[in-house]
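Heads up, the next two complexes both have chain A, just with different partners, chain B and then chain C.
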Partner chain A sequence: MRVSIPTPLQSYTGRREVEAGGATLAEVLSDLDHQFPGIRFRMIDEQDRMRPHIRFFVNGGPVRDLAQPVGERDEIVIVHALSGG
Partner chain B sequence: MSTNVPEAPLSTPGGMPKPAPPARGERLLVLVATRKGAWLFHGDRRREAWRIDGPHFLGHIIHHLVLDPRDGRTLLAAAKTGHLGPTIFSSTDLGRSWKEAARPPAFAKSPDGSGRAVDHTFWLTPCHADEPGVWYAGTSPQGLFRSEDGGDTWRPFSAINEDPQYRRWMGTVQDGTPDGPKLHSVIVDPRDPAHLYIAMSGGGVHESLDRGKGFAPLVQGLEVVEGFDVSDPTFHDPHCVRLCPSNPDRLYQQNHCGIYRLDRPGVQWVRIGARMPERVGDVGFPLVVHPRDADTLWVFPMDGQTVWPRTSPDGRPAAYVTRDGGESWQRLAKGLPQSQAWWTVKRQAMTADARDPIGLYLGTTSGELWMSRDEGAEWSCIARHLPEIYAVEVAEPAEDAEG
Partner chain C sequence: MNDAQLLRYSRQIMLPQVGIEGQERLLASRVLIVGLGGLGSPVAMYLAAAGVGTLVVADFDAVDLSNLQRQILHGSSRLGMAKVDSARQTLAELNPEVRVEGYKGSLTDATLPPLVAGVDAVVDASDNFATRFAVNAACRSAGVPLISGAAIRTEGQVAVFSGRPGDPCYQCLYPRDGTIDETCSANGVLAPLVGIVGSIQAAETLKVLLGVGDTLTGRLLLIDALAMEFRSLRLRVDPACALCGAAA
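What follows is the complex of A and B.
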């Protein structure tokens, strides 16, 4: 599926959009980390919590649970800094 | 030589390290970590001309940037951004290229996900000279981590990270410093890599005699804020602890309440800041020890009155030095602004080289880098308009190190 990468994380991917696979958001993030080592820990802490200011949207809707199922045709957008000016 | 880095002293038959001779290398490197990135200042032998290299990691919060004194070429940077999690970068070519740690410092995962998460790595200490490639890291919230591969992979080190008693002493984010409670001042005895000291803001100073398997509080003689239990480490707020390379039995501490000295094997800290001028006081953050004279110590006082402005007292910044172990203090302000200068110096942002005479370096909260080539007698500004400076280290790179 297509994953949109925010600018602070494009140093890992080298591009704005990448392809990743998985049946849940957690699996997609694991696949991203496999492709781009280190990227997951910048978004998800060691207790598997989303870091402050990092948000995930699947097909435009916010997702707060890493166990959220996702499908091949879904579009995932990773967003940072929704808060603040 | 960085003052928080254990040097490799030459042992004498009595076990007391022989003071290291003055450094004579051609190259000097000042490492500046800021709220918005890192800068490297390459100095000449006379410490007069500086080549600026930076910014590195523009926009990243760099809490500490340290060169490994054991090889003179491995550089570690503790980094995070306002939005992304913490990590460690390393370079072996003095910043031409950087490699991210495969496993940055992270607490053990708790079964229910309620455990602590590292917000940022605050402090980096190269381990003993006999343990090449080994580093310690102190984090916010308070945690102690160790790498045995030059900073590529880090693991929780010592039971204190999860120990219930230590967790109580650490308190919560509510109890810590404004940008998070910290474990800092990780010190390795240059005579014995199993002998460690750590400090926690808050949580007190602690000692380990068994390479970190166990720690014990070392807080006797220290004061705490009035009305709290002085015997409880949770109320102790050490700002900075330094060990004297020329006499590893001597420690100095700047904490929330004053400046102290401890001579081991004694366990009773003695307040030596009481002899500072009353108008200035003895609250502050950084401490700098002389690499060859355990009686010489520099401090940089801060206004800790009322609401804790954290500025230079009266807007008149000055270092103070003692040359007699704290019996007396002299003001060192020549060259520094004489009025209306409302910056101060953070705990990691003042250091010394090992030349003769000693060079002192300090970075300000207003983004200025100052130095003195004569042990503080006169100061000059190397750089202005940098971001808020969090840490300054000075190092002697290997002669063949790239960069």
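What follows is the complex of A and C.
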């Protein structure tokens, strides 16, 4: 499925959209980490919790549970909090 | 409205969504703008030009040379001047009919509630999460709409939070626990990006005040100025939000 990567994490992927697979959001993040080592830790902490400045959206809606099932045709957007003004 | 006002605002009054009644509503409105930097500049200038009657402008800082690349409220002759005072001068030149009230103090959970009380909308144009969460809490408590914008590098985000129970707030989007700021001074920012984001905030503010159109309430608008793409995501109340969730 297509995953949109926020700018601060594009240093790992080299591009703003990538393809990843998995049956749940957690599996997709593991696949991303397999492809781009280290990227998962920038989003998920040691206790497997989403970092507070990272949010996940599947098909345009927020997902707060990493066990959320996802499908091959789903679109995942990873959002990085911004504070600049 | 007198003849001069009818002429000044004529291009706006002719919009069916505004009209004379809408313009009078804007003239009677009071808006708090938090931050007079890159975002606060276009917000304040457009709201003043559009005839929002009273602007409460808040910023503790003074104008620095590094601000002038994007903070178009201020100019080279204002270096070292309090941003609030610089804003007063620019806004008075743009539209002397607008009443501008300044606040130069810190913006915290203690100082914000009296500022938010009695305004019709709050525009968050600040540059740090501590202020953003404090502004959100004050708006949520007072039931005042919050027009939130942020920008850094070449990307921006805009959302409107109604302040009404049942609608999400900023803290439903990002939890209030030590999120680390990325500053424009450390990461850079493309000058017109803050104009794009601030202009969208100003447009949303006018829509909120007028009660017209579909605002960004319950949506997060992502702006990628490098690809020049806009994407809208849906927001929902977070059951774990201390302000809106089950624990609230």
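Convention: the second predicted complex is superposed on the first by the 81 of 85 C-alpha atoms of A that agree within 3 Å, B and C clash if a C-alpha of one lies under 4 Å from a C-alpha of the other, contacts with A are read in each partner's own complex, and residues count from 1 in each chain.
In the analysis below, contacts are C-beta pairs under 8 Å (C-beta built on N, C-alpha and C of every residue); 3 or more make two chains touch, one makes a residue touch a chain.
These figures come from a predicted structure and were not determined experimentally.
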Could you say whether A:19 touches chain B, chain C, both of them, or neither, answering first, second, both or neither? neither
Have a look at where A:65 lands relative to chain B and chain C in the superposition and call it first, second, both or neither. neither
Between chain B and chain C, whom does A:53 touch in the aligned arrangement: first, second, both, or neither? both
Once the shared chain is lined up, is A:8 touching chain B (first), chain C (second), both, or neither of them? both
Should A:81 be classified as contacting the first partner (chain B), the second (chain C), both, or neither? both
For A:43, decide between first (touching chain B), second (touching chain C), both and neither. first
After overlaying the two complexes on chain A, where does the chain B footprint on chain A coincide with the chain C footprint? 8, 52-53, 81
So, in the complex, the side of chain A touching chain C is made of residues 4, 6-8, 16, 52-53, 55, 57, 60-62, 64, 77, 79, 81-85
How about chain A: which of its residues touch chain B in the complex? 8-9, 37-38, 41-49, 51-54, 80-81
Looking at the complex, which residues from chain C come into contact with chain A? 35, 37-40, 124-129, 132, 149-157, 173-175, 177-184, 187, 189, 194, 220, 222, 224, 227, 231-236, 238, 240
Interfacial residue positions of chain B with respect to chain A in the complex: 81-85, 87, 100-102, 104, 106-110, 113-118
